[in-house]
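You will see two complexes here that share chain A, one where it goes with chain B and one where it goes with chain C.
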Partner chain A sequence: MNTFLLILSWYLYIFLTLLFIYFVRHFIFTLNRAFRSQGAMYLGIEDSRLPTVTIFVPAHNEEKVIADALNSLLKQDYPAHLYKIIPLNDRSTDRTKEIIDQFVLLHPGRIEAFHRNSGKAGKSAALKEACENIQTDIIIVFDADYIPAPKLLLNLVSPFVDPEVGSVMGRVVPLNSGRNLLTRILDLERSAGYQVDQQARMNMGLLPQYGGTVGGVRTQALKEIGGWDDSVLAEDTDVTMRMFLKGWMVVYQNFCECYEEVPENWQVRIKQVRRWARGHNQVFFKEIKNLLKYKQIRLIDKLDAILLLGIFMMGPLTFVGWGAAQVLYFAGYSKTSLLVSSLGAFIAFSSLGNFALFFEIGTAAFLDGYQKRIRLLPLGVLFFFVSMTTVARTFFGQLWDDYIMRKELTWDKTTRYRLTPMHRRKQ
Partner chain B sequence: MSVVVFFLGLVMISLPFIPMLMEIVKKSDLSPLQISNQTLKDPRSVPDYVFWYLAHLLKVNGLIELKEKVSVSVSTMVGDSLLAIPAGIMTKLDVAAHTKVARVISAGKIILPDYSNHIQKILSLDSIQTGVENNLNEVHAHHLLTIGKKNKVIWWATAENVILQAEAHLPGKVQARKEIVFENGAQFHLLQGALIKSRINFESGSAENQELIKTPSTHIPHKLTISKNHTILDQVVFDGTLIVKGNLTLGKGSRVLGDLKVYGKLMVEEGAQIKGNVFSFGNIRFRGNNLVGGTLVTNRQLRMGPCTQVGFEDRKITVSAKSITIDGPFKVYGLLRAWKSGTITSSAL
Partner chain C sequence: MPLNNYSLEERLVEPFRSIRWLAVTPLLKLFTFICLVLFLVFWWFERSMVFECWGGTLSRLTHLLELPWHVGIAQWPDPAHAYLAVPTLEIWIVPPSTWVWWSFVLGTGAVWMITGRLKQSFLPVRTAVRFLLMPLWITIVWFVVFPLKFNHTIEEWSRIYFLVSYGSVAILSIIWTFGVLWFPIPLFTKLLMSSLWIIYTLFGVPVLFFISCMLLNQTSLLLLPTFALGIVPLVQLGWFVAFYSIALSAGSKTR
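The block that comes next holds the complex of A and B.
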C-alpha cells in the first residue's frame, strides 16, 4: 500500500513540475505580447517575384458556405494567371458538387474541380490525393467556411521569399462571435490562441503551428517531408512537426486575418475539441521519438516543440493528478498533500484552462481592443472544465479505440450555421 | 469571526462575476473583430476618376489669391472623399506665406510659397510645387509633385513623379506611379515607386552582370546551410541558396546566384552581387557598387553604400529594415520601408 502511495506522490510531483513548466511558458508568452513589440519581419513585403499558387478548398457537404469562399478567392488581389483554385469535394451528398461545377463553368481556367467519390475519407486524404500532380510553387488551404479578404493571399504568400520558410499560417477570426454566449467565449479563446500564443512563439523564434487553413506550404518542402499523411486526423500538426524535423520554418502572420464560423452549440464544440485532441495526440505518439532524437536545434526550441505536441496530454494527466491527490489526502499519506493538491489545482487552473486562460485571454482582448467582451473572462472556469473533461475522455477513448480495439479513424465534420445564398436572398 | 472572513472571501471571489453577469445580460459587445485588408483598395485613396470628376467641376478659369494669414476652410462632399474648395473655383492657386488652409483642390498647378503653410489635404489635377518649410499632411498631384527644401509630409503624398529637393522629412508615405527622385538628403519611412533613386545616375555592374542577375534561374538552386561564421572570398561565384547561421562576408566582386539568409551580420564588400532574396536577422552593410536582384529584408539596420541597386525595372522588390541609411547614389525598384528611421545622407548626393 505504501509503495502505491509513494508512486502516487511521485506522480503528483512530476505532474506538478510539468504543470509549472506550462504555466511559466504561457506566462512568458503573455509577457512577451504585453511588453515586447510584435515581430513582423515579413509584413513589409509587398512587391516581389510572385510564385505560382494552388488554393485548395476542402469541402464535404458545404452547400451553405462554398459559394462565398469561392467568390472571395476569385477576388484576390493577386495576378489571376498565377493562381488556381481547386475545391476538393470529398463525397458530398448535398448541392456542393453542383455549386462547384457551376463555378467551373463560369470561371474556366481559374477554378478546377476535384471530386472524390471513393478512397479514404477526411481532409488529409483528400489533400494527399489532390496534391499528387501539383506543379505550383505554393499550396494554400482555406476551409470552405472561410471568407478571405482580397489582400490575404498576397500576404500569406510573401513570407515564402525566405528560403527557409516551409509553411505559413494566418489568423482565424470568428465571424459569428455575437451569436450566443458560447461563440463569444470562443472568440476570446481564438483571440488568445492567435494574438498571444502564436505571435509570441513567432516573436521568440519558437515554433508557431500551421493550422491547416488560412495558411499554406511550399510544395518543395511538402514533397521533402513525404506529403500529407492520410493516417492522421490533425494533418496540420503533423505537417508542422515534420517540417520542423526537416529544418523548415513555420511562420505565423498575425495580420493575415480571415473570418471563420465557430461552433454555436456545445455538442458541436465538444466534437471539435475531441477531433483536435485525438489528432494532436496521434501526432504526439507518432513524432515524439523523432523529436527527442532531433539534435540540430536549440534546446529551447526542442522543449517548446515537445510542449506544443504534448498540450492535449495534460488533460488526462490532470484528471489522474486530481485522483492521486484525493487518494493521498484521504489515505493520510502526507500532511502536505492538501497543499500540493490545492497548488496543483491552482496551477492547472491558471495554465491549462483552455490552454491559454486568463492571462492570455486578458492580454489578447486588450491587444485586440475588446472593451467589454473581456468581462466574460470568468466564464473561462466553465470552459476549463468542459475542455478538460472532453480532452481527458478523448484520450482514454483513443487508447481504447486505437490501441486495443484497433478501430479505423472517422472524421467528424464541423456543423455550418450560415444560410445558403438562396435562403439569404429569400430572407 | 471565521464566518465573516468566509463571507468576505466569497464576496471578493464573486466580484469579477458581477461585470460578467452584466455583460451577459446587456450583450454590449457582439460584433466580430474588425479585420484588416477587408477592402480591395485603400478607401482613403483618391482614384483617377475622382480627379477627372473634379476637373469637370473646375472648368471655369479663375485665379484665387490668398493673402497673408488668411484661414480658409470651406468643405464640400465629393463622392467618398471630403474635399474643400477655397471660396470659389480656380485653375491656379497661389497660397501666401503663413496661410492656414484646411483643404485645397485645384485643376491647375498649385504653388505653395515658403514657410509653414499648414495644409490638411491638397489635390491638384496638374502639379504641385511647394516652397521651403511647409507642413503638408496629405498631398496628391496628378503629374509632378516637387517637394521643396525642409518640407514635412506628415501622412501621405502621391503623384506620377515625385521630386524631393532637399532635407525632406517624410514620416508618412510617399508613392509615385513612376519615379521618386532625391536631389539631396532626406528622412523617410515608406517610399513606393516604380523607381526610387537619387538624382545622380549610375550603372551598378556591367550590362553582362546585370543580365546574369536579372535572368530568372531555370533550375531550383541547391541549398547549403553553414552553421558558423563564413566568408566568401573575392570574385568567387556561389551557384545556389546559402543559409548562414552566423555572420557572413561576401568578398569583393563575389556573386551568389540564389537566395541568401544570414542569422548574424551580413557584410557585402564592394562590387558583390546577389541574384535572389536577402534575409538577415542582423545588420546588413553594402560597401558600394552592389547589385541585388530580389527582396531585401532585415530585422535590424541596413546601410547601403554608394551606387547600390536593388531590383530591376521589370522586377519590383521590397527593401525593408528597422532602420535604413543610404550613403550615396542609389536605385530601388519597388518599395523602400524603414520601420523606425530611414535616412538618405545629403553629403554623398
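The block that comes next holds the complex of A and C.
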C-alpha cells in the first residue's frame, strides 16, 4: 500500500510540473503576441513564376456547402491555367456527387471530379488515393464548408517561394459565430488558437501546426515524407510532425483568413473534439519516439513539438491527478496533496481551459477587436469541463478500442448548418 | 466643446491625459515590471498583513451572525517550523453517520441521474455538475473500503484554502500586470478593475470561504473534497477572469 501511495505522490508532483510547463508556455506565447509585432515574413511576395496548384476539397455528404466552396475557388485571383480544383467525393449518399458533376460540366478543365465508392473511408484515405498521380508543385486543401476570399490562394502559395517551406497554414475564422453562445465561445477559442498560439509559434521560430484545411503542402515534401497516412485520423498533425522530422518548415500565415462553419450544438462539438483528441493522441504514440531521437534541432524546438503533440494527453492526466490527490489525502499520506491538487486544478484551467489559457483567449480577442464578446470569457469555466471530460473519455476509450479491442478507426463527419440553394429558394 | 458634453469617464480621465502617453512607453513597462517584482516581494515577506485582513473578515462575519465558531491562526506546515501563519476557522462538524453517508450516496446518484435528463443545450451544466460530483464519488468509494478513516477537518482545509488563494492571487497578479496594465485600455477602467480585484482579494476571498463553510456546516464534511478540488479554485478564477475580461473588453477596438 505504501509503495502504491508513493507512486501516486510522485505522479502528482510530475503531473503538476507538466501542467506548470504548459502554463508558462502559453503565457510566453501570449506575451509574445501582446507586446511584439506580428512576424509576417512572407507578406507581399510576388513571384513571376507562380507554381502549379491542385486544390483538393474533401467532401462526404456536403450538399449544403460544396457549391459555395467550389464557386469561391473558381473566383480565385490566380491564373486559371495554373490551378485545378478536385472535389474528393468520398461515398456521399446525398446530392454531393450530382452537384460536383454539374460543376465539372459547367467548368470543363478547371474542375475534375474524384468520386470514391470503395476503399478506406475518411479524409486521409481519400487524400492518399487522390494524390497518387498529382504532378503539380503544390497541393492545397480546403474543407467543403470553407469560403475562401479571392486573394487567398495567392497568399497561401507565396511562402512556397522559399525552398525550405514544406507546408503552409492559413487562419480559420468562424462564419456562423453569432448563432448562439456555443458558436460565440468557439469563435473566441479559434481566435486564441490562431491569433495567439499559431502566430506566436511562427514569431518565435517554433513549429506552427498545419491544420489540414486552409493550407497546403509542397508535393515534393509530401512525397519525401511518404505521403498521407490513411491509418491516422489527424492527418494534419501527422503531416506536421513528419515534415518537421524531415527538416521541412511549416509556415503560418495569419492574414490568410478563410471562413468556416463551427458546430452549433454540443453533440457535434463533442464529436469534433473527440476526433481531434483521438487523432492527435494517435500521432503522439506514433511519432514520440522519433521526436525524442531526432537530434538536428534546438532543444527548445523539440520541447515545444513534444508539448504540441502531448496537449490532448493532459486531460486524462488531470483527471488521474485529481483522483490521486484525493486518495493520498484520505490515506493521510501527504497533507499537502490537496493543496497541490487544488493548485493543479487552478493551473489546469489556466493553461488547458478550452484548449487555451484564458489569458490567451482574452489577448486574442483583444487583438481581434471582439469588444463585448470578450466578456463571455468567464463562461470558459463551463466549457472547460466539457472539453476536459470529452478529451479524457476519448483517451480512455481510445486505449480500450485501439489497444485492447483492436477496432478499426471510423471518421465522424462534422454536421453542416448552412441552407442548401434549394432551401434558400424555398425560404 | 462644453465640459458637460464629456462623459463621466472622460471627465475623470482628463486630468491624467497628459501622462497617458506613458502607457505605451518602455519606461512605463519597466516601471510596472519593477512594481510587480516589488509587489511579489511584498506579497511574500508581508504576508501576515493579508492573513490578518482575511482573519479579521472571518472574525467579523462570525460575530455578525453570532455563530459559535472561532477564528484562529495556524502555522504551516508544522508548528515547529512556521513558514506561514494562516487564519483558520474552527468549526465543529459532525463526522458522517451511517444515515448521512447513505443519504449522500443516494443524493449523489439522484443528482447524477437528474442531470442526465437535462436538454442537450444544457450539456455544459450537466458536465460541470457531474464533474463536481466526481470527488464525491471518490469520497463515497473510499469510505466503503475504509469506513473508519475520516481524517479531514475544516481547520486543515482553511489552511489549504488560504494558501491556495494566496498563491493563486500572486500568479494572477502577474497576469493582471501584463494583460491589463500594459494594454491600451482606458485609465479609468484600469483603475476601476484593479481596485475591484484588490477589494475581492482582501475581502472576497474570506467571504467565499465563509460561505463554503456555512454550506459544509449545513450539509456534511463529505462535501469538502468537492469544494476543495472543484468549486472553490474555479470560482476564484472565475472572479478574476470576469474583471479581466471586462477590462479587456473596454479597451478592445473593432478591427
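In this text, the second predicted complex is superposed on the first by the 424 of 427 C-alpha atoms of A that agree within 3 Å, B and C clash if a C-alpha of one lies under 4 Å from a C-alpha of the other, contacts with A are read in each partner's own complex, and residues count from 1 in each chain.
Quick note on the criterion: a residue touches a chain if its C-beta (ideal position, glycine included) is under 8 Å from a C-beta of that chain, and two chains touch if they have at least 3 such contacts.
As the structure is a computational prediction, the values presented were derived from the model and not from experiment.
Look at chain A after the overlay: chain B and chain C clash there.
In the superposed pair of complexes, A:R49 makes contact with chain B only, with no contact to chain C. Contacts of A:P163 after superposition: chain B is touched, whereas chain C is not reached.
Of the two partner chains, chain C is the only one touched by A:G323; chain B is not.
Legend: residue contacts after superposition of the two complexes on their common chain; A:G178 is shown touching chain B, with no touch to chain C.
Of the two partner chains placed by superposition, only chain B is touched by A:D77; chain C is not. In the superposed pair of complexes, A:L291 makes contact with neither chain B nor chain C. Residue contacts after overlaying the shared chain place A:L376 against chain B and chain C alike. Shared-chain residue A:T389: touches chain C; no touch with chain B.
Residue contacts after overlaying the shared chain place A:T363 against chain C, while chain B stays out of touching range. Overlay on chain A, chain C versus chain B, candidates 57-65, 111-119, 129-137 or 183-191: the clashing stretch is 57-65. Comparing the two interfaces of chain A, the one with chain B and the one with chain C have residues 368, 370-373, 375-378 in common. Residues of chain B that touch chain A in their complex: 16-17, 19-20, 22-24, 27-33, 35-40, 192, 216, 220, 223, 225, 241, 243, 258-259, 261, 276-277, 279, 294-295, 297, 299, 311, 315-318, 320, 334-335, 337, 339.
Contacts from chain A toward chain C in the complex involve residues 27, 30-31, 34-35, 265-267, 270, 322-323, 325-327, 329-332, 335-336, 338-339, 341-343, 345-346, 349-350, 358-359, 362-363, 365-366, 368-378, 380-383, 385-386, 388-389. Looking at the complex, you find that chain C touches chain A at residues 29, 77, 120-121, 123-125, 127-128, 130-131, 134-135, 138-139, 142, 146, 149, 151-152, 156-157, 160-161, 163-164, 167-168, 171, 175, 178-179, 182-183, 225, 228-230, 232-234, 236-238, 241-242, 244-246, 248-249, 251-255.
Residues 39, 41-49, 75, 77, 149-152, 155, 161-164, 173-178, 181, 184, 187, 191, 220, 247, 255-259, 368, 370-373, 375-379 of chain A are the ones that touch chain B when the two sit in their complex.
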